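Per-chain numbering from 1; labels A, B and C assigned in written order.
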Amino acid sequence: MLAGAFKGATGGWTFSNVSTALHEPYRSAYWNSIELSLVTSLVGGVTGLAIAYSAIHERTPRWVRSILTTFSGVAANFGGIPLAFAWIATLGAIGIVTRFFQNQLHYNLYQHGFNLFTKTGVELVYLYFQLPLMILVIAPAIDGLKKEWREAASNLGANAWQFWRHVGLPVLTPSILGAIILLFGNSFAAYATAYSLGYSNIITVTIGQYYTGNVFSNPHLAQALALGMFVVLAVMMLLYIPLQRRAARWAK
Amino acid sequence: MRTRRFIAPSSLVWLLLGGLYFFIPLLATLLFSLDSNQTGKCCTLHSYGWVLHNGDFWHSLKISLFLALETIAISLAIFVPTVYWVHLKVPKLRPLLAFLALIPFVVPPIVMVVGLLNVYKGAPSWFYDQPWGFLAAAYVILAFPYMFFSLDAGFRSIDVHTLTEASQSLGSSWPRTLFTVILPNIRSAALAGSFLALAIVMGEFTIANLAQFHTFPIFLQYVNETQAYPAAAVTLMSFCITWFAMLSLLFVGRKRGARGAVIAGVR
Amino acid sequence: MPYLELQNLHRSFGSHKALDGIEISLGEGEFLSLLGPSGCGKTTALRLVAGFDRPDEGRIVVDGKDVTRVAPNKRDMGMVFQAYSLFPNMTARQNVAFGLRIRGRKRTDRDTRVVELLDLVGLSHAVDRYPHQLSGGMQQRVALARALAIEPRVLLLDEPLSALDAKVRVQLREEIRRIQLDLGITTLYVTHDQEEALSVSDHVAVMYGGRIEQMGSPAEMYSAPATPFVAEFIGTMNRLEGTVVDGGVEHAGQTLAIEAARDRPRGSRVLVLVRPETVEVGPANGSGAPNTLVGDVVTQTFLGPVTRLKIVGTGVDVIADVPTQKALGLPVGTRVAAALPAEGVRLLDLKGDLPEIAEEPVPAGR
């Protein structure tokens, strides 16, 4: 695939594909993907952390965690068409929630600028599998937060916020960052969901169009685009590994 | 030990928010599925009836469920001994494995299909005709990250060296040690990995589509493109079926232990 | 005027009664150990005092104020946990400074105090190390310094030495006591090691099954145990079952002359408690001296300065500690006469069966 990126339509070696890939309209596709992934990974990361912690917390009944874990396992892979469909049924033009707002609260969402089929809408939908993924990934790290730390902090006079600020978050940060990077990659590589929502200006859908010959057929350009994706993902991985090592150190 | 017997208010808020976010789309789908084809309003089970009487539904469901079991079995058969070995003998390889485990996770399915087609060039024709060959291979790779991280966490939580050495000093062979000593102790980790593999197979669309197999997600897509209300019904059913399958894995796990799952699958 | 009081504390977990009416009264600057086997409720009691749990009934009073409803971070108590309590992302210095930081002390004040305390616990050379770079003993010293930094009203220690090597344990417990006496802090110490408790405390409370079996000074606990459980738990004790008769106690077919038997009703079943070191052992010469039990030496256990002899005969099963030099002359198999002292021997009423000390109660529903 790497080689294919540098080949031309005529069979010779060329940079033209790669340079085309870096220009419009592909550049905006890359940016969209990156922005989409950043937003969903950050929002998903923070929210997922809060939800996971709430479920694992001492005072929460055990069954909550089991349900959350099994549900997250299903939801993390609930993507593509069914997911798009479920959200269209919820917040689409005639979706249940849209209609609810319209009829009961007399507030027309779509007139006020909301649209499921824009980037924001896609972000909202992406969270449906980003959140569970975050929950699944961060749960073991939260398990690693020893009860004694919380108690010792409390004993020394700290309230909940102080504990998190001085101990909890610092210890969890490598794991959190690692998880967010994972979420970023997951979102960046997602394809089917955006496709079914009709939002095509992201990089994966674009590549799909070129590779399977739906619109134009230029497999080498597609490969060049894929190379670009690989670069982004590789950068991501390079950031991830030292973070993992840091996290492991404190797990001892 | 609980300090107070009741849930903390902040926990409750977050869990409720999460619950609402996850539940409402499912509810919306449910409501849609109960709408009748004619009037576009509630409430009828007509859509469900349509789905249940559809031959393709059962056919594709069976294929996917079987594929899931096959994927789980192969994954466990490959990864359990591998992760065990790495933890026991070559811990230095662990970070490398972790790195490898991330790759399938972030590589787009399209790229993966191309890569796999290249790799399996010399395989016999049945490998491509039937889903049990090519597709299962692809799914094992897709499930690898989830399997690895679950198993890895499981192996880290037990004292691999002590258990192995104790077993060996009592005269046990390697396979015996693996099955009777190690496996029961990482049962929950193996189950967790299996759940996730199941969810992947039941939700994976792109590769199955590109390779043109008739799995359950393909059937879902077909219904979605052709019929609106049954689409809602079948979406909801797919979610519930997967969830149910997971819960039953959980149940089986509690009773028989992972050993049962592995042996039954490999056969 | 007591400084720390535990009044009628009750706590149940499901159907398991962890604490059943605990009453403790401790003066300022005193050191009390809660001693008992696993599951006896000692840690539960400590956690109630710290505020990590609430009692079902009862009160906790510190310096005249009821703190039962006060949150743990407002109780002004320092706690040292068994293990893992140091914050992993902070150095020893930062850990110790934590409590002061929370209280808003100025940087310079904090630093002075931190150095002072780390010096007190003997760790001035390791102030900038992280917990994972410190040995177990060093970690617990830091934990102690951290707890003392905030000048707590009460110091709580939950089996702080259990996870450490034997030699370190002995050393550290003496240091803890020295520091405690220096600073005059009221201290509550939980342990299952009776030697530890007896060596450092002002008072010892032996707990079993959620109740306090006996509370007193270490010497009292050792020489005058009030219940069979305490007798067995503290040190090693010979427990001879017998029946009260005229002139003493009937045991193993003999009448032992025991002072304490005089006031007991004839025929009542009693337990005669004799410490091994008070038993005189010599070769049996058949002269039938009073208060002597005859048997063979079955085992010898070398304990350093003394050797423990197990002497078994007809109806006789006695342990005696003799100076090692003397033991050399009484090898296994020798027929010996074990003489019990007539005075200073305690009697306990025997009701029902003796509690099984060796068995650890199964922990129920934590």
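Heads up, the rule we're going with is that a residue touches a chain if its C-beta (ideal position, glycine included) is under 8 Å from a C-beta of that chain, and two chains touch if they have at least 3 such contacts.
All values reported here derive from a predicted model rather than from experimental measurement.
A.B. asks: With contacts counted as C-beta pairs, which pair of chains has the highest total?
C.D. replies: Greatest number of C-beta pairs in contact occurs for A-B.
A.B. asks: From the centre of chain A, which chain's CA centre is farthest?
C.D. replies: Greatest centre separation from chain A goes to chain C.
A.B. asks: Counting in whole Å, what is the centre-to-centre distance of chain A and chain B, each centre being its mean C-alpha position?
C.D. replies: Those two chain centres are 19 Å apart.
A.B. asks: Compute the distance, rounded to whole Å, between the mean C-alpha positions of chain B and chain C.
C.D. replies: The computed centroid separation for chain B versus chain C comes out at 53 Å.
A.B. asks: Counting in whole Å, what is the centre-to-centre distance of chain A and chain C, each centre being its mean C-alpha position?
C.D. replies: Chain centres of chain A and chain C, defined by C-alpha means, are spaced 56 Å apart.
A.B. asks: Which chain C residues touch at least two other chains?
C.D. replies: 52
A.B. asks: Please list all residues of chain B that touch 2 or more other chains.
C.D. replies: As it turns out, chain B has residues touching two or more other chains at 3-4.
A.B. asks: Under the touch definition given earlier, write down the residues of chain B that touch chain A in their complex.
C.D. replies: Touch residues, chain B against chain A: 2-8, 10-15, 17-18, 21-22, 24-29, 31-32, 95, 98-99, 102, 105-111, 114-115, 149, 153, 192, 195-196, 199-200, 202-206, 210, 217, 220-221, 224, 231-232, 235, 238-239, 242-243, 246-247, 250.
A.B. asks: How about chain A: which of its residues touch chain B in the complex?
C.D. replies: 1, 47, 50-51, 53-55, 57-61, 64, 68-71, 73-82, 85-87, 89-90, 95-97, 127-128, 131, 136-137, 140, 182, 185-186, 188-189, 191-192, 196, 204, 207-208, 211-212, 226, 229, 233, 236-237, 240-241, 244-245
A.B. asks: Which residues, counting only chain A, touch chain C once they are in their complex?
C.D. replies: It comes out as residues 146, 148-149, 151-159, 162, 166-167, 170-171, 249-250, 252.
A.B. asks: Note which residues of chain C are touching chain A in the complex, please.
C.D. replies: Per the touch definition, chain C meets chain A at residues 50-52, 71-79, 81, 83-90, 98-99, 101-103, 132, 143, 146-147, 150.
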